[in-house]
Structure formats: structure tokens, C-alpha cells
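Encoded as C-alpha cells, the structure appears first; notes follow it.
The first chain written gets the first letter, and so on, giving A, B and C; residue counts start at 1 in each chain.
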Amino acid sequence: MSNTDNQGGVWEVFIQSKPGLPHKHAGSVHATDKEMALQNARDMYTRRQEGTCLWVVPLEAIVSSMPDDNDSFFDPSDDKIYRHPTHYVMPDGAKHI
Amino acid sequence: MTTNEALINYCLRLGDSSLILGQRMSEWCSNGPILEEDIAMTNIALDLIGQSRTMLTYAGKLEGKGRTEDDFAYKREEREFYNTLLSERPNGHFGDTVARNFLHSAFFYHLFQALKNSKDEMIAAHAAKSIKEVTYHLRHSSEWLVRLGDGTEESHNKVQESLNDMWEFTGDLFEMNEVDELLIKEGIAVDLTEIKKEWDKTVNQVIERATLNRPEECYMQTGRLNAIHSEYLGHLIAEMQFLQRAYPEAQW
Amino acid sequence: MEDSKKLEEFQAKIDAEIKIEPKDWMPEDYKKHLQRQISQHAHSEVIGMQPEGNWISRAPSLRAKVVLLAKIQDEAGHGQYLYSAAETLGKSRDEYIEELQSGKAKYSSIFNYPTLTWADMGAVGWLVDGAAIVNQVSLQRTSYGPYSRAMVRICKEESFHQRQGYEIMATMAKGTPEQKAMAQDALNRFWWPSIMMFGPHDSDSPNTGNAVKWKIKRETNDELRQKFIDKTVQQAEVIGLTIPDPDLKWNEARGHYDFGEMDWDEFWRVVKGNGPCNKQRLNHHKKAHQKGAWVREAAIAYAKKQKAKQLVA
């Protein structure tokens, strides 16, 4: 084995900080198995009562869009202003709508 | 012996075991096999030292002579410490630490489960809080025992030897004397022969999952109840107490 | 798109304060600079555990022990966050650790000084963490997303570190004569190395130019050093300790403290590996790493077996 041996794979860590809230990316840990990843995430990212639920996901399981995709992925929604409530004209005096 | 005296001794047993094991775990800081594990071991050390503070403070309160947690931790000598023999075993290699912590956490786990129902409110509250921490310590050490046991041939052999080495100190965990007798009658303490049964189950289960063998029954060392220790404890407390001993007038 | 156009767009994003993310195009030099700076920062956190770890077993009270332990543990965590950020630049933690152990990568020289008394735990927390915090607060606004996010998290967690050190100094400074002497001695030994933590003067700092243009660094070495000195002088006065610099005095016109020249021979001597503890620190790291090798191998072997079982099932 060479001088550089294995530190385990990278697992991305997501924390839910309160019931009802979405899980949010917190960082990553190294681990060789699921249980270790979960425990390491717990020890690393919840030392200050940060969480109510933890997810760990192997890095290779995450598929990311690429910067080159941005134009075709995200710009076409630029002109769909009718998806936003402010696009609509409401009669004066109408409430709770 | 009064109930109060017995209870003070009981608190020292709990507090000292947490303290000494916590001190041992803190020695791993910057020495872990991987960065994440360094942090995990320090977390365990922090939990344990926290546990000891509660129990030593309570001992002082029961005694009523104004002694603080630090008076107990820093101003007693070897023959006044009531920690388990297992807790003072040196860290050795990672497998030794895993084996020691596993056996000790399984003991604390079942002990605190039972002590949650103690008639002494402080002991019950301490157990209820500590059980959360110890549940994690047991999970952590169990998983590592399994990884090492079912890992490579080298790790299997190493950790089997660690288990064998620690085994003779496990009998001491369950010894009882008149302190236990008195406190069991009062509903404060629990019968350690019952704890032993639960401990055996847990230990056997995990050892099997780890593809290891339960060490053969052997002569069990004894000492905790009479504050008799291995030679290792003296060095541990000499180091721990250095500043308080060197500068008795100082406040820190 | 040719590189000059990409470079222009890149600079435009930097100027508009848009963070650079791992998958974005970036100049090779930007990436290299980040790899070096972030990993150096990570190594510093990890090596920095040793001088403080030297006193965990001897902490003079249980409270002091848990506080110190929690603080050192945070440092391990910060090292981990930073390695994570550095790994997004296409190099593994193995490689970064290899660079540390081979001496190719550096870490902060401050950790090559020994911690000799309990007061050193005070001095390290107050001065070394104090200096680090000045730098890190500034780095929260760094242009590389993962580095910036790590810094935000680190700054949040570090807030108690400097207080922990200052509290020790304050307690000892008003304690017995021996304690006060220890506190002053610790300040004497750690002052100059602490202000040298900010690195060479801007005029002698080869890495500052691009780093500022690319907003990796938001403030220069000298600016950060001045900030640190300005806020620390008053803190020393409050607890009755004397900063060991006869040239230190308030300069009304500048609105800053003037201070004496640092010993740059010493600085470079320690950087080049001849500080009192350079070899000890690296050897400690290597030894722990080597001793853990069989454990990591076991964990990998176990994971492989589990996967194989899953496939069969």
C-alpha cells in the first residue's frame, strides 16, 4: 500500500433542523459504510443541537446539472411571469385572495 | 453504614468510572485513525466527563462538607477512587479501546436503564440523561467491534486478542457489597447480578455479529469496591491532578 | 470559448460578488491557489490540535477540561470542513494529507511552538484563535462558494474559542503571583509568533496580488494584522498584562497602533522547518496515521464484504 491510503468515500450530509423544515445540505464526511457515515455525520454536524433528522448520501449518487446547462435549464422560466401571483390584477376591495 | 454514606460511595463509583474512562478517551485527541473518529472519541470523552461532574457534585452535596466536583477529582488519591478496573485500562491500540469501551458501555447501558427507576431522584435523573449518551457509545463501539472483527484477518485477530485481554476485568463490574445491599433495599441501587444477565446477552450478540469468540471464562480480577487498582491509575491521576497539587493555593 | 473570454467572464462574476462554485470554469491558477490555501488552512486546524491537546489530561478543573476538549474537537471539525471544501477542487483528502506529511504543504507556523504551562492554553485561545478569527471573519466573504460556506460555519463555532483563552488569562492574571507570572510569560512567548501568523508584509508577500484580485483574500496580511493588534491591546490592558513590544503606541494620526518590527529571520526559520516543534508535530501526525492504517483497511474490507452479501441476497 502506498503512502496515501484510503480515507473512505465522501458522503454528503443533509440536516433537518426542525420537524417540518426541509433537509439542508450541511457538508460532507468520509466513511466506509452507511452506519459509519451516519455516525460521523452525527458527531461532526450536530454537536450543537443542530438537528432532528440526518441524511447521508454517497457523493457518487448525486447527479448535478452543469453550468453549461444553465441557459437551457433555468432561463426559459424567465418570461413565465404568469406563474407568479403578482401577475394578476385583482378588483379593488377583494380580500383573502 | 448509613444510607447517606452508602449513597455517597455509590455516586463515587459511578462518577469515578465515567471520569477515568473519559480521561482515557480524551487521550485519543489527535491520535485517531481518521479525522472523523477523532471527533467521535472526543464526543464520548465529553459525555463521560460530563457524567462524572454530575455524580461528583452530588456526592459533595450528600456529604455536606462543601467538597466540589474538583475536590473529588483532584484531591483524592488512588486508594480513594472507586472506578471500575475496566475503565482505567490503557488505550492501547484502537482495537483495545474499542473492546474496552464496548464492554464498559454495555455495562453502563444496562445499569442506567435500570437506574432510571431509582428511588433517589438525582440518580434516576442522572441515569435518564446518561442513558441517551451511553446508548450512542454502545452503538459506536459495537459497530467498530463488528468492523474490526469482520474486517481483515489482521484486524480480526487483533481485536479478538483485545477482547481476551479485557475479559479478566469484567467480573469487577458486577461485584457487590454492603453498599449495594443497603441501597437495593431502599430501592436506590440495582442488583448487578440482574444487570450481568442483560450484559451477557448484549455482549454475546455483538460478539457473534463481529464473527468473534466470547473469551473463555477466566479468573476475574477484583478491586473496585475496595478502591484497589492496577498500577495504571496512579499515573493517570498524577497527571490529571498535577496543577492542583503543585499550586494548592491557586484558583483556576 | 477561448480562455481570455472565459477569464473575462470569470473576473466579471468575481467583481459582481457572484460566488464561484466547484463545477464553474475557473483559471488554473485560481484553483491552485485555493487548493494550497484551503488545505494549508485545514492542516493548520489539524496540527493545531497537538499543542492544546498537550494539556487536556492536565487541565486544572473538570470545567476547564471539557471546555478545552470541546474546543480542540471543534478544531478537528474545522479541519474536516476545510478538507471537504478543498476536495471539491478535484483532489482527495488522501492527497492533501500526503502533501502535509511529505512536507510539500505547510501549516501555520504558530503550532510549531511548544505549550509549556497552563497559561499557554490561555495565550493560544486568546491570541492564536484571536488572530485566526480576524482572518476567518474576513474569509467568510471569499469568492469560492465551498470555502466561504466552511468559513461561515467555522466562525459561528469559533465564537467561544477566544473567550475561553481570554478567560484563562484573566483568571491567572489576577491569581497568585506564580499564576500571574505564568500568564505574562505566555503572552511574552506567544505575542510575536501570533502577529506573524498574518504572514509577511504585503510588500514581501508573493501570493497577495492575484488572491486579492480574485477575492480569495478580502484583506491583505498587513490590514488584518493591524486589526488584530488594535483590538488586542485594550484586552491586555484590562487584565493587567504587558504586551512585549516597547514600540507599541497609539498613533492618533493613523487611528491605529504603531508596533515594532517582527523578527523575520525567526519567521522564515520556522516556516522552513526549524521551529522548536516542527518535527515533533509532523511525526505525531504520521505516527497516528500509520497506527490507524490497519483500522481503515479493516473498515474497507468490512464494507466490501457487506456489499458482496447484499449482491448475493
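Definition applied: a contact is a pair of C-beta atoms (placed from the backbone, for glycine too) under 8 Å apart; a residue touches a chain by one contact, two chains touch by 3 or more.
Just so we're clear, the structure is a prediction, and the values are computed from it rather than from any experiment.
**Student:** Testing understanding: with touching defined as stated, what is the shape of the graph linking the protein chains, line, ring, star, complete or other?
**Tutor:** Complete.
**Student:** Indicate, using Cα centroids, the chain positioned nearest the centre of all protein chains shown.
**Tutor:** Central by C-alpha mean position: chain C.
**Student:** Quick check for the class: compute each chain's Cα centroid; which one is farthest from the centroid of chain C?
**Tutor:** The chain farthest from chain C, judged by C-alpha centres, is B.
**Student:** Starting from the mean Cα coordinates of chain A and chain C, work out the distance between those two points in Å.
**Tutor:** 28
**Student:** If you average the CA atoms of chain A and of chain B, how many Å lie between those two points?
**Tutor:** Here chain A and chain B have centroids separated by 40 Å.
**Student:** Just how far, in Å, is the C-alpha centre of chain C from the one of chain B?
**Tutor:** Chain centres of chain B and chain C, defined by C-alpha means, are spaced 35 Å apart.
**Student:** Could you list the positions in chain B whose residues touch two or more of the other chains?
**Tutor:** 34-37, 39, 43, 147
**Student:** So which stretches of chain A touch two or more other chains?
**Tutor:** Residue numbers touching two or more other chains: 7-8, 29-30, 32-33, 36, 44, 47.
**Student:** Quick check on chain C: which residues sit in contact with 2+ other chains?
**Tutor:** 73, 77, 80, 293, 296-297, 299-300, 302
**Student:** For chain C, which residues are in contact with chain B within the complex?
**Tutor:** Answer in residue numbers: 46, 49-50, 53, 56-66, 69-70, 72-73, 76-77, 79-80, 83, 118, 168, 171-172, 175-176, 178-179, 284, 288, 291-302, 305.
**Student:** Which stretch or stretches of chain B touch chain C in the complex?
**Tutor:** Going by the criterion above, the answer is residues 19, 23, 26-27, 29-39, 42-43, 45-46, 49-50, 52-53, 56, 69-70, 73-74, 93-95, 146-148, 150-152, 154-155, 158, 239-240, 242-244, 247, 249-252.
**Student:** In the complex of these two chains, what residues of chain A are touching chain B?
**Tutor:** 7-8, 29-33, 35-36, 39-40, 42-44, 47
**Student:** So in the complex, the part of chain B that touches chain A is made up of which residues?
**Tutor:** 34-37, 39-40, 43, 136, 139-140, 143, 147
**Student:** Okay, in this complex, where on chain A does chain C touch?
**Tutor:** So the residues of chain A in touch with chain C come to 1, 3-8, 10, 27-30, 32-33, 36, 44, 47-48, 64, 66-67.
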